[in-house]
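I have placed the structure first, in the form of C-alpha cells, so that the comments after it can refer back to it.
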Amino acid sequence: MKLVVAVIRPDRLSYVLEELFRARVAGLTISRVQGHGGETERVETYRGTTVKMELSDKVRIEIGVSDHFVEPTVNAIVSGARTGDVGDGKIFVLPVDRVVRIRTGEEDRAAVTPVGVPAD
Amino acid sequence: MAPAINGSDTAWLLVATALVLMMTPALGFFYGGMVRAKNALNTLMMSFSALGFVGIVWAFFGYSIAFGTLSPLCGGSSYFFLRGVGLNAQGTIPHVLFFAYQGTFAIITAALISGAIVERMRFGPYLAFIALWSLIVYAPIAHWVWGNGGWLGALGALDFAGGTVVHVNAAAAALVCAIVVGSRKDYARQAILPQNVPFTLLGAGLLWLGWFGFNGGSALAANGTAALAFTNTMLAPVATLVVWTILDLTRSGKATAVGAATGIVVGLVAITPAAGFVSPMAAIAIGAIAAFPSYFALLYRATTRLDDSLDVVAAHGVGGIVGALLTGVFASKAWNASGGDGALYGNARQLGVQAIAILATLAYSAAGTFVIVKVIALVARVRTDPREEGMGMDFTQHGEEAYSRGEGALLLLERRSDT
Amino acid sequence: MAPAINGSDTAWLLVATALVLMMTPALGFFYGGMVRAKNALNTLMMSFSALGFVGIVWAFFGYSIAFGTLSPLCGGSSYFFLRGVGLNAQGTIPHVLFFAYQGTFAIITAALISGAIVERMRFGPYLAFIALWSLIVYAPIAHWVWGNGGWLGALGALDFAGGTVVHVNAAAAALVCAIVVGSRKDYARQAILPQNVPFTLLGAGLLWLGWFGFNGGSALAANGTAALAFTNTMLAPVATLVVWTILDLTRSGKATAVGAATGIVVGLVAITPAAGFVSPMAAIAIGAIAAFPSYFALLYRATTRLDDSLDVVAAHGVGGIVGALLTGVFASKAWNASGGDGALYGNARQLGVQAIAILATLAYSAAGTFVIVKVIALVARVRTDPREEGMGMDFTQHGEEAYSRGEGALLLLERRSDT
Amino acid sequence: MAPAINGSDTAWLLVATALVLMMTPALGFFYGGMVRAKNALNTLMMSFSALGFVGIVWAFFGYSIAFGTLSPLCGGSSYFFLRGVGLNAQGTIPHVLFFAYQGTFAIITAALISGAIVERMRFGPYLAFIALWSLIVYAPIAHWVWGNGGWLGALGALDFAGGTVVHVNAAAAALVCAIVVGSRKDYARQAILPQNVPFTLLGAGLLWLGWFGFNGGSALAANGTAALAFTNTMLAPVATLVVWTILDLTRSGKATAVGAATGIVVGLVAITPAAGFVSPMAAIAIGAIAAFPSYFALLYRATTRLDDSLDVVAAHGVGGIVGALLTGVFASKAWNASGGDGALYGNARQLGVQAIAILATLAYSAAGTFVIVKVIALVARVRTDPREEGMGMDFTQHGEEAYSRGEGALLLLERRSDT
Amino acid sequence: MKLVVAVIRPDRLSYVLEELFRARVAGLTISRVQGHGGETERVETYRGTTVKMELSDKVRIEIGVSDHFVEPTVNAIVSGARTGDVGDGKIFVLPVDRVVRIRTGEEDRAAVTPVGVPAD
Amino acid sequence: MKLVVAVIRPDRLSYVLEELFRARVAGLTISRVQGHGGETERVETYRGTTVKMELSDKVRIEIGVSDHFVEPTVNAIVSGARTGDVGDGKIFVLPVDRVVRIRTGEEDRAAVTPVGVPAD
C-alpha cells in the first residue's frame, strides 16, 4: 500500500478530480494548504505596512492506493494539474504499513475500495 | 415650487439622503458575498469607489446636466461646480439637500452596473467608466424623466423613484458591459460559488432599509405620498419574497438564502417606479407578479454564454421593466392626484408612454455604454489577463486579501530596518 | 384622535418604521452568529423569511385582527386585505404608515421565537408556524393591549412598546416550541460554539439602532414622549451592559462579548414596556435591575434539559416580565400624563394590572403556540432526523453553504453542456 | 434659547442621535477588521463597552460637567444624576434628547482612542480608563467649546461638530496611550495583517451613515444649516476618497480597500469642524486637501517605533487639525450667519483662534490622559504579558474566540452531568 | 516509530479524542480536510448554478506513536469514530524514520511522550 | 528522499521560514492545524456553556528533501521554532519512495530543487 500525497494549484483541483475519477480512484482526502517554491513572490500593502507573501494557496491531495494503482494515480494527477508554469506542485509517494477502514475494520486493499462508487 | 423651506420635509429628506447613500456600501456587500473570496475586496471596492468617483463628477457636472433647465434633452451647464446651488428652497427643502439626495441616486446607479463585470474588469478602467457613464448616460436620462421640462416627463411617463432612470438604465449598461468585457475564464467551466452568503443577506437587509429613503424620499416631503411610497416599498418585496420562496420550494424543494436576498431586491426594484402612484394592494400584486419573470430570467441566463455574473439584467432590468409597465397598469389618481391613472383605471395610453420611456432608456443607455467602454478600451486594457484573473482581483488590483492570516508574510526589509 | 396629519410626526414615523423593519435582519445576525457554521444560513433565513410570510398575512388579515374594532378580544375582519386603510389620518400620521409600523412589530415578534428551535426545525413547517402564529397568537394579544377597546388596555395595563405583547409573548411561544420540537441531538453532549461572534455583535448594534424606532416611534409622534422613550432606550441598555460586564468579571474574571451583546438586548427588552412612562434615572434602574434575573436564568437554563438554544426565555421572557413589572413600579404621570403612576408613586394597583397582562399573555401564547405546532405536526414532520441535523440545516433545508470555497464542486453536466 | 419644542427639529434630532449611537458599533467593525483574528473580539469590545461604561458616567456626571453653567472651564455639578434634565425645551428640542445626543459623542470619542492600544491593553484597566477619561478629559473640553460660556467658544473658536473636541482630543489621548502602554511585541517584527477587510469597509460605510447625524444633527434643527452640514458631510469624504485612491495608485499602482476606508474616515474627520460653516465647494476642497497630510503621516508612522496601531493620530489627529485650521480659512458668514468668516473672507484672526483651540485641546488632553493612565497603572497592570499577547486577547481577556469551529472543545464535566 | 493518520467525521472528533486520551495517547495534531469516497453526493443550487459537491467535511488526525502503541491507538480511533454508515473514514499507518521534540531536541520515543499530561 | 513533517507554533513560522531559506530549503508546504499535547488547557465560556479547549493552533510544515538535506532541514526548523516552553512541537521524518514535479515530470532530487530560487 502507498499513500500518494500531491500538492497542486487550487484552480486545477476540479480537473484533477475528473482525471482521478476517470482513473477509477474514488477515495481521497484534500486540504487547503499554502506553498512556497519557485513562484514569483507577491507584495501586499496595508496602510504603511508592506509585506512579501512567501506562500501561495495550494491544495493538498492524499490518496491511499494499493501498489499497482500508484502509476495511474500519479499520471492522473499530473495530467490534471500540469499547466507548465512554475508552481504546478509536487507529488510524493509514501510507503504505508497498514490501512484500516473504520466502518468495517477491513484492512489494506479492501479498505481503500469504496462501496458502490461508480468511478465517476 | 413652494417658496418656503418646510422643517418636516427637510427632516425626512435629510434621513432619506443618508439612507440612500448607505445603499451603495450595502450593494457592495450584496454583491461581495456572491463572488469568490479572492475577488471579495474588488467587488466591494467597485461599489465604494463609486461614492468617490461618481460623487465628485456629480458635484462638478452631473447635477447640472440632470437638473439644469437648458433643454428637454439636457440640463446644461448652469449648475456646473454647484454654481447657484445654495440654501434657497428647492421645492420645500434646501437646494443643497436636493442636490445631495439626487447625487446618491447617481452613485448607486453606476455601482449597480458592476454586478455584470465582477471578478475580471481592471479597476482603473472601471473607475473611468463609472465616472464617464454617470455624466454621459445617467445624467441625461435623469433629466429626461425628472429634470425641468425633460421630454419623457413632459410626455407623462411615470417613474416615481427610478424604475427606468436607475434600474432599466443600469441593466442595459450591465448587459453591454458583460458582452464587451467578456466572460470570466472559469464561467461555465468551473463552479463559482458565493464566498459569504451572510454578507449577501446583510446587503439585502441594508438595501431594503435604504430603499425606504430611495422611494419614500422621492415624495420630497413628509406627507401622505411619502407614507404611501414607503408602505408600498415594504409590501412589494414582502410579496416577492413569498412568491420567490414558493418558486424555490417547488423547483428544488429548497428555499435558498441567495434566492431570498435576490427576491427582496427584485421586489424593491419592481415597486420603485410605482411606489407613490399605486395602492398598497397593487404594490403586493406588483411584487408578486414581478417575481416570475425575474426568477426564470435568472435561471435561463445561467444556461447561456452571457456572463452577467450577478444577474443585473435579470434582477434590475427585467424587474425594472415589469415594474415600469405595471405602473402603467396600476397607477391611480385616487391614491396620488399628482400622479396618473393606469390601464386598470381606463388610461391604457399610460402603458404606451411607459413603454416609450423604457425603450428610450434601453436604447440610449446601451448605445452610450458601448461607446464609453470602447473608447476606454482604446487607451487601456479593460480586462485582466487569465493569469491575473486566476490569482484573483484582490491581489492583482488592490494588493490586498480580504481575510489574511499573516502566515508566511514577511515584513519587507527596508521596513524592518526603519525601526 | 387628532384629525389632521402632522408633518414632523409623519417624518419620525417614516424613519421609525424603517428602523424597526431593519431589526429583523439584525436579529438574524444576532442569532446567526451564535449557531454553528453549518446552520448559519438557516438561522438567518428564519428571520428573513418572517419578513415575507408574516408580512403578507399581516397585510391580508393580521392588521385587521389587531387593530379592527370588533370586540375587546379581537379586532375582526373590517380591515381584511387593507380595506379602508388609506391616506387618511390615523392619529396624526397617514393610516397606511400606522399599518406599516405595526406590521414591523408583528414580523420581528414571530422571528424572535426562532431562537428556541434553531439548528433542528424543518423550514417548511417553520414558515407555516410563524404565519399562523402571527395571526392566531400575536394579532389578538396586540389587540388586547393596543387595539381599540382591547381589554388589557381598558384594564389600564401599561405596555409602551411591547414588553408583554412582543417579548413575553414570543418567549412563551419559544418555551413551548423548544419543548415540543425537542433538543438538538448534540445538546449537552457536544460543545456547540458560536460560529461568528462579530455577527452577533453586529446584530446587537443594529438591534439597538432599530429599537430607537421601536420604542421612540411608539409615541406615534415627534414629541417629548418620543424623546423620553428614546433617551430611556439609550440609558437602560447602557446600565444593563455595565452590570452584565461586572457580573461576567466577578463570575469568570472575563467580560465576554456574547455576554455584552446579550446584556444590551436584555436592557432593550426590559425598557420596552416602560420607555415612555418612566424617568431617565428610572430607566437606568430598570436596566441595571433587569440584568440579574436574566443573567442567572441564562446560566441556569444551560444546566437543564431545556434546549432553548439561544435563550429566548431568559432574555426576552425574563427580561420582558421584569420590565413589565418594573413599569408598574416606576411609571410616573409626572413624565407622561397619558401614562400612569406606578407603585413608587402610590399606585400599587398598577403592579397587579401589569401582572394580569403578563399572565394573560403567557397563558394564551403558550396554549395557542402548543395547538399550532401540534396541528402542523399532524400534516408534516416538524423536526429533521438526526442525519440531516448532523449534515447541517444549511445544506438539508436550503441546499447552500454559508461560506463556500468551491473546492470539489463540479458543475452539473446538463449545465455545462448548455454553453 | 427658543422656548418651544419644535416637532421637525425633534424628529431630526431623534434620528441623528440614533445614528451617532450606531457609530460606536460601526467603529468597532472599522477597527476590528484591521486586527488579527485572535484579537477581533477584544477590539470590537473596546468600542461596545464604551457604550456602557462611558454612557453611564456621562449620565451620572459627564453631562453636567460639559453642559452645566458653573464656569468657563467646567460645567459643574448642577445636572449630576440628570437632576433638572427633563422634557423642557433645550433650544427647540426636549432637554432629555439634547442630553442623549451629546452622550453619543462622549461615547464614541472615548472609543476612538482604543485604536492606539488594540491587541495588548488589558480590558479591565481599559474600562477604567475610558470611564475616567470621558469625565476628566472629554467633558471639560466639550464644555470649553460648546458649553454655556465655555472659554474657547467665547473666544470665537469654530468647531461645528467636534473636530477638536472629538478628533484632535481623541488623537492626543491615543498618542499618549500608545507611548505609555508600549508597542505590541510583534510590532515591526512580524507582519500584522487585517483579519477581515470587509468588516473595515462595513464599519466605514456605517460610520459615514452615522456621521450625517453627527454633523447634520449638530445644527440641532432641521434647517438650512443642517442641510448644509449634511451635504458637506457627503462631499468632503467623496473628495478625500478620490484623492486617496489617486495617491494609492501613484504610489503602488494599486488602490487599496483599507486605504479607501481610511480615506473616507479622514474626509469625515476633516469636515467635522467645518460642516455647518463652509460652502459645499469648500467642503470638497477641505476633503481633498486633508487627504495629503494624513496619507503621508500614515506612511511615516509605520516606519517609526510608535505603535499607534490603527493610526488614530494620522487619521483623527492630523485630519482633525487640518480640518479645524481650514475651518478658519473657508468659514463664511454668507453660508452661516451664526458662524464666522475665515481667512479667505478677510478674517485671518479666525485662524489664530482655531490654532489656540487645537493647542489647548492637545495640551490638556495629552496631560490628562497621561495622568489617568499612570494612576491606573499604580493599581493594575495595564498591558498583557507577552505570553497572553501571543495567545491573543480574545481568549485571555474575554475567554472566547471570534470564529469557533468547536473542534476539540469538550463540554466541562459538571456541565455534562447536569443533564 | 509510526505515524498514524486517520480521516474521520467531524462530529465524531470529540468521541475519538476521549477514546485516545483514555488509551493514554496524549499528543496529536488535527486538521480540517474534505474527503471523497462512497458518501452520497450533495447537490447545491445558487441562483442558476447547480453544483455537485464531491467532497464532504472530515477531520484528519495525525499521531506519532512508538510501534507497540500503534494497536491501541488504531483501536481507540476505530471505536470512537465508527458509526457504521458509509463515510466513517480511514486510518493509515506510516513508517517513521525519526521523531524530534523541538523543545528539547529529544528523539523518537522520548519525543512523543508529552510532559506531565494526565492521559485525560 | 525523505518527507520532513514539522508541527510548530504559528507565531514561530516566520522565524522558521527564515531559517529554512538560510539553509537553502526553498520548497515547502504549510497548513494550519490544531494540536494537543502538554500545553495547559484553555477554558472558554459562551453564555451558560463552559468548554475546555483541548487543542491549540499550530502550523504544520511539510518538506520533501533528499537524504543528505534532512539534517540541515531539521536543525533549521528546531532553531527557528524553539521557545523552550511546552508546546514547541514535533518533527517527523518519513521515508519517501518517489517524488514527482508536476510541471516537468522530473523525479526525486531534481523534483525538489526549485527553479531559480535564490534561497532567500
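By written order: A, B, C, D, E and F. Residues from 1 in each chain.
Throughout what follows, contacts are C-beta pairs under 8 Å (C-beta built on N, C-alpha and C of every residue); 3 or more make two chains touch, one makes a residue touch a chain.
Keep in mind the model is a prediction, meaning the values are calculated, not measured.
Any chain that touches chain D and also touches chain E is listed here: A, B, C, F. Steps from chain B to chain F, taking the shortest chain of touch contacts, total 1. Counting hops only between chains that touch, chain B reaches chain D in a minimum of 1. In this structure, the chain pairs B-E and A-C differ in their number of contacting C-beta pairs, and the larger number is found at B-E. Rounded to whole angstrom, the centroid-to-centroid distance between chain A and chain D, based on C-alpha atoms, equals 50 Å.
With each centre defined as the average position of its C-alpha atoms, the distance from chain E to chain F rounds to 18 Å. Centre-to-centre, using mean CA coordinates, chain D is 44 Å away from chain F. Looking at chain B, residues 6-8, 11-12, 15, 19, 190-194, 196, 202, 252, 254, 256, 258, 302-303, 399-401, 404-405, 407-411, 415 sit in touch with two or more other chains. Touching two or more other chains at once are residues 14, 17, 30-32, 34, 36, 44-46, 49, 51, 54-55, 94-95 of chain A.
Shown here, the protein chains touch in all possible pairs.
Residues of chain B touching chain C in their complex: 6-9, 11-12, 15, 19, 36-37, 188-198, 201-202, 204-206, 208-209, 212-213, 216, 221-224, 226-228, 230-231, 234-235, 237-239, 241-242, 245, 249, 252, 254-258, 260-261, 263-264, 279-281, 284, 302-305, 335. Contact residues of chain C toward chain E in the complex are 186, 190-191, 390-391, 395, 399-401, 404, 407-412, 415.
Against chain C, the residues of chain D that register as touching in their complex are 5-8, 10-12, 14-15, 17-19, 21-22, 24-26, 28-29, 32, 40-41, 44-45, 48-49, 51-53, 55-56, 59, 81-82, 85, 87, 93-94, 96-97, 99-100, 103-104, 123-124, 127, 196, 199, 202, 394, 397-406, 409-411, 415-416, 418-419. Chain E meets chain C in the complex at residues 11, 14, 34, 36, 42-46, 49-55. The touching residues of chain D, counted against chain E in their complex, run 405, 407-410.
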